[in-house]
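There are two complexes below, and they share chain A, which is joined by chain B in the first and by chain C in the second.
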Partner chain A sequence: MNEFVETLLELTWHEPKSSYDVVIIGGGGHGLATAYYLATQHGITNLAVLEADYIGSGNSGRNTTIIRANYGIPESIRFYQHSLDLYSTLEQETGCWIMHATKGLLWLAHTESAMRNERARAMLNTACGAETVLVDPTEIKALVPQIDLSGGGRYPVLGASYHIPASTARHDRVVWAYAQGAMQRGVHVLQNTPVTGLIRDGDRVVGVRTATGDISAGVVMSAVGGNVSQIAAHAGVRLPVRTHPLQAFVTNGYAQGFGPIISDTELLCYISQTARGQMLIGHEYDRETSYSLQSSFQFLQANAIKMSYLLPFVRDLKILRQWTGRCDVSADFSPIMGFTGVDGFVITTGWGTWGFKAIPAGGEAMAELIATGRTPELIEPFALSRFAADHTMADQGSTGTR
Partner chain B sequence: MRFALDDQPVDFVDGDSVAVAVVRSGQHPQHGGALCLTGDCGNCSADVDGVPFTRTCLTPARPGLRVRRHPAVGGPPLQLDPPKNPVQSPVHAGVEVHRRHVDVAVIGAGDSGTAEAARLRAAGREVLVLDSGDGDDVVGVYPGPLVVVRTPEHMLHVHAHEVVIATGAAEVHPVCEGNMLRGIVLAGAADLLRSKGVDLGTTVTVDIAELSRFEGTDGRVTGVVFSDGRSEACDTAIVTSRTKAPRDLLARMVSDPNVRVVGPAAQRFDLPPAPVDGFVCPCSKITVGDLQMVWDKGFQHLELVKRAALCGTGTCQGGVCMPHLRSFVSDKQGVEAAPFTGRPASRQLTIAEAAADVFLDPFRRSALHDEHLKLGAQMDRFGGWWRPWNYGDAMREYWAVREGVSLGDVSTLGKMIVTGPDVVEALERLYPTTIADIRPGRSRYVLLLNERGHLIDDGMVCRESDDRFVLTFTSGGAAFAEAWVRDWIDTWGLDVRIMDRTISHGAINVTGPLAGALLQRVGVAEPPKFLQHRHATVAGIDCHIMRLSFTGEASFELHHPVAHSVELWQALMKAGRDMNITPHGLQALFALRLEKGHVIVGMDTELDSTPRRLNMDWAVKMDKPDFIGRTALARTADLPDRRRLFGFTMDGPAPTEGAPIYVGERIVGHVASTFTSPILGKAVMLGWQKHEPWADTVTIDGRPATVAHTPFYDPEGARARA
Partner chain C sequence: MLIITCPNCGPRPVEEFRFGGEIPQPPDSITDPFERDLDQVWMFTNVAGVQTERWFHDAGCHRWLTAARDTSIDRFVD
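The block that comes next holds the complex of A and B.
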């Protein structure tokens, strides 16, 4: 019996129509979650999600599945904590098994200045509702007996902030949970339907062009990852977004034996064990901007050496597979959600390396925005207009990037 | 000769792979599944000498080898034992890397590879042929192109102008009822086993086009049932396939104009009949029934079937299942399904093999590193350097600065000489401060802004003559600043020479009320005045003395060739012995500067801190025609701003750095830096308010704190000038 297969719920496909109240471009987590919440919380089901390839084929199927809220500014912490909370009840709500597991996340510090940052992180996180405590090397060793606290003699572990509710879920199954829930309520999800342009009536966006014909829409939302700058350009919207490749790899599958998620603030890499037993290792995104999905050996080398310093046992694990996604990174390293200044066109982007964890909260907030025409308070700080207004939300230190 | 399989001896002969020897002993390296013995499937992988998922068909048998089968259900255990000697870096042990630079690398020495290599050689090209039969196991072809290879002895990185993938085609594995039994081999494997003298017993040969199912007892094959209903008993079933599947994983993982695919690896092939039963993906134990179930649930796309059923995501990366998965999907959708994405690695390597011969950036040490250690310093890394954090008692160091004399190693500061006819013009554009009116012998504190008007560094500009300046930058920002300054000057095409002296010159900060007196003892009769600088001999060493103040006390930075750092440090320590001279580390320095309200870039500032947000508009001259960041500052000058760095004070001990700042229940910001000032008798802080209106009284750590002007200590700066 294959539990993984048997627990899947059914996807109900529909024939496309030429007109919808809402058209969402991008059948990844954010697009499908928005559709799901529009259907479940606002009763809007005359809507279509257009996917260029197959659902979850973009970054939703290429991320490292970590759910956490230990960000560096209150606005972000609250937003991601809400997302973390929604994730923790998503299985009950949708009836789909997303393989959600609460693991706890250790952010290791190797220097006094890094300890200072982690102390600050723990305090601000806790004050904003994201449970995070400072732990010392003895406590770290108890949580991760495999760790070399000397860091191979090079990266001594002085302490860590321990974000207790951090968890993981199977990325594909999150996409399918939202897709299934939306489709069941009548939402149309159209695969293999790349959008080639936007239809405009004066200053307003009134539909999309696709290879198989025009589709008109009351509201068009872009939930595109990777090529978002091009989609926005069709509406005349210029985004402060750069796109970088982000790579990761997994080893073969081993028996369960590694509990928490470990992230390193200096080495900028992280590791966890998946439900399938694979050790999953990721890194900051590539420095160069690119839409390329090619994996590099240099990435593998850098991660392999870093993890060997911290967790010597990984040395004998066999690397199974590498892959690459695309990170849309905004000028202040925070997401961009909401109105664009162009009527009929709203956007959710700038998801960098933090998109997966934001799927439930991002989808719920965008659904409310579309349904009510008003920006929910939770995402007000993340409006596109903040760049022109000089109200940026810089939070670079929380992203596993620099 | 013997090795151990699950602790039981297995005999082998010279030339045997582990898999061949295991089959010769009547066993199977796993618990079942057809064997190809060519590395295409994962059905022979086992734990070899503590490394699970090793393909035993590619592992030469050796005496003493310890082979363990993976568990029948679930993965092999993670070997979590901590290393025996954790302090010794384990990272570079064991794996050697060889590098080859070649004109053409041909992967595969079969018919197509051999022919291609001959053709290229005839055309005068230098060719390296890599074949798994010779032990060259290709892990991946990466952009470059770079071919990463495992060999039995070492890793091999081949940098080639051109890569030819000539990996040929692989026999197709059987997918039908009973295909996980032991005793099923592909035709090539049967030939290999026979050539090694392995007795296969009674054999039956069947083509997959005519195969219905295998029969067996106790997990071992006993017979073959053909599609026409006929059955034959056997000890070993040999499976042939009329068409072979291109070995194109390497080709699918790279897209590079200098990589091409030749021969059967590039050819179209006829898919096998759609599978109806059995295990389609032995690596992940996925059955045809699983595929059918996900298809019926609406996962009707090859990639969705793969992801939903997890078919093809195991060790062989689709080597076994791909033809059958494609056939299954093609049959359903009526259109031939393309293969799924190819991703490295083609053949798995260990993390140690990937990490071999890789070195991370070194941590830098100043020339005074050993002096600090001798003085009992606790070292910490800051800004890429090892720095003294304290010398055992940060408060003692603090008081030495405030009341006596102290040394600080500031060798890590960025130090640059800029000269040339256009130097003033260049600096006027680089810095928001006025440069032209700095007189030779004088210096000025400067901000460095990026195009967005955000603070990226700060430092001093010291003018030596009309066309010669010395610039300093922060320790952590020096490398970036050097590139920044060079790039901009090149961009502008200005006639300026740049010499970076960050590494070649050390610097010692002599600070405290007795600093001037100490300098007099070591030969500087008249130390420079505040914000002046000049060259002088100190204890016999040529120094450039810059008088400024970060600590709030009289401070003289002695910049000198790094070869003399130790000599100068020792001379100063000796001359100040009766003054109780005490060096200070970063911990004391951070406290001292905080009493003066000086910000540390990166610690108190944020990614998007404009001078206005830092109350540093005094360091920006908007009346200058241009400087980097001016456009952005002009654009944002009239926009409402809701962020500002404030000084705060409160009674009692300092809160923890990073503590949230509240107005009522609302978090309005956080404490950037704080310190319980013994000289002021209260906690002093720099902290952010990110909401208007600005509050005068806030709550931190449950206690009231009030906004206070900086500097907290000696606001007139009398001590720095003394």
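The block that comes next holds the complex of A and C.
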């Protein structure tokens, strides 16, 4: 038995109470991080996190674990850079090993116009505090000796923006680190407790319905991934969110080291090496909306071909497994955090293909919002009300959404 | 593989089509004209069930069609 499992055994699981100050729907990274920061920074421990399955079983356990801040608008860069900073100290803060590793991210350009975009990205990132520089093909080859700079003769690599502090961390460990920290401070984490409805008193949300009974709450927060439109509909809230499947796969172990993360917005795919040495390859999300978690051969074929243009060695690897997650993609490709216009119901959603990297900052900000009743400055631009105010945060700053 | 029956071209693989999304339907409960416009432009029902949606036959007849699909299992229904 390893040290990690031993630390889990000290956790106390509770039966649900009939009432809490705060109920968080969704025991993924965002829900548990919010609970953790409510407990540690605001002293609110009379709270429960309700998870339909086991914690981390949704998108927190299905993402490709990349942490980066090289976004395309200042508001996003500042938010994600703060999250990246919190991740880099999360092991000291929680005392849990999350397998955090700084790798750097190369965002490749195959055309002159893409080079202009990457040059602009590097400058904007630097101005907003995220460390990104423009690199030429020689520097790329030095970072990734395996790369075919001709792109299989079809996608020549002209350069890249290199986001130096980009990193990865083990996703389940992040989930469990937050769960453990919250539970040790008295937070109730209730697994296998799907929420079937919200209890309303007039215009207010005053609790949640579950199969095992009603639970009343001062504040209900939805940190649901996938089914957020259904949860919000119980409160009468309509969201600018569509749910798309996103697929990824891992290969068997690749014996050589593979340094940075490579992302390609023209081929719409990205790759990194896991701690086990497997190559983890992701793709854009499926274009049609769907809640199905069915993986497809079409995806494997299309994605494997594209990656083999850039990195010919992947042709010799075997595919170990593939999986699908549900991405809540907002209409402007930025997250939605904060008040919903319905008293007692706050929301964190729209995490599309970029939720994992935002877990610490999103959790910290939502905890402050719930504890103080005010929206923290960092997440003010991401309020749901931005759509009515015509201040959308359009930023397709991710390989999955171009 | 998903097959879409195009009214002009017959059954064709989904790769030939571009997804046009659900047809915006502000609920009757929203009565304020501004709120209805807002809902029409930005909000989605995003149903986990049968959704009426638009598809564009990009690699075929270049016409739009309306289809009903069960989004919970990603299958078209009649």
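In this text, the second predicted complex is superposed on the first by the 384 of 402 C-alpha atoms of A that agree within 3 Å, B and C clash if a C-alpha of one lies under 4 Å from a C-alpha of the other, contacts with A are read in each partner's own complex, and residues count from 1 in each chain.
Following the convention adopted for this analysis, a residue touches a chain if its C-beta (ideal position, glycine included) is under 8 Å from a C-beta of that chain, and two chains touch if they have at least 3 such contacts.
Just so we're clear, the structure is a prediction, and the values are computed from it rather than from any experiment.
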### Task
Quick one: classify A:Leu317 as touching chain B (first), chain C (second), both or neither.
first
### Task
In the overlay, answer first, second, both or neither for which of chain B and chain C A:Gln294 touches.
both
### Query
Given the touch rule stated above, what does A:Thr243 touch, chain B (first), chain C (second), both, or neither?
second
### Message
Comparing chain B against chain C, which has contacts with more of the residues in chain A?
### Response
B
### Message
By the touch definition at the top of the document, which applies to A:Met307: first (chain B), second (chain C), both, or neither?
### Response
first
### Query
Is A:Gly153 touching the first partner chain B, the second partner chain C, both, or neither of them?
first
### Touched partner set for A:Lys17, first chain B, second chain C, both or neither
neither
### Task
Could you look at A:Ser229 and tell me whether it touches chain B, chain C, both or neither (first, second, both, neither)?
second
### Task
Could you pull out which residues of chain A sit against chain B in one structure and against chain C in the other?
294, 296, 331
## Note on the structure
The chain A residues in contact with chain C across the complex are 227, 229-230, 236, 238-243, 245, 287-292, 294, 296, 298, 331, 387-388
### Task
Going by the contact rule at the top, pick out the chain C residues touching chain A in the complex.
1, 14-15, 18-19, 21-22, 27, 29, 38-39, 42-48, 51, 53, 69, 71-74
### Task
In the complex, go through chain B and note every residue touching chain A.
50-54, 71, 74-83, 86-91, 140, 142-143, 146, 148, 157, 253-255, 285-287, 290, 293-294, 297-301, 303-304, 307-310, 313-315, 317, 343-345, 348-352, 354-355, 358-360, 380-382, 389, 452, 586-587, 603, 606-608, 636, 639, 641-642, 656-660, 667, 670
## Note on the structure
chain A residues touching chain B in their complex are 2, 4-6, 8-13, 53-57, 61, 74, 110-113, 116-117, 119-121, 123-124, 127-128, 145-146, 148-150, 152-154, 172, 176, 191, 251-255, 257-258, 273, 276-277, 279, 294-297, 300-309, 312-323, 331-333, 389-392, 394, 396
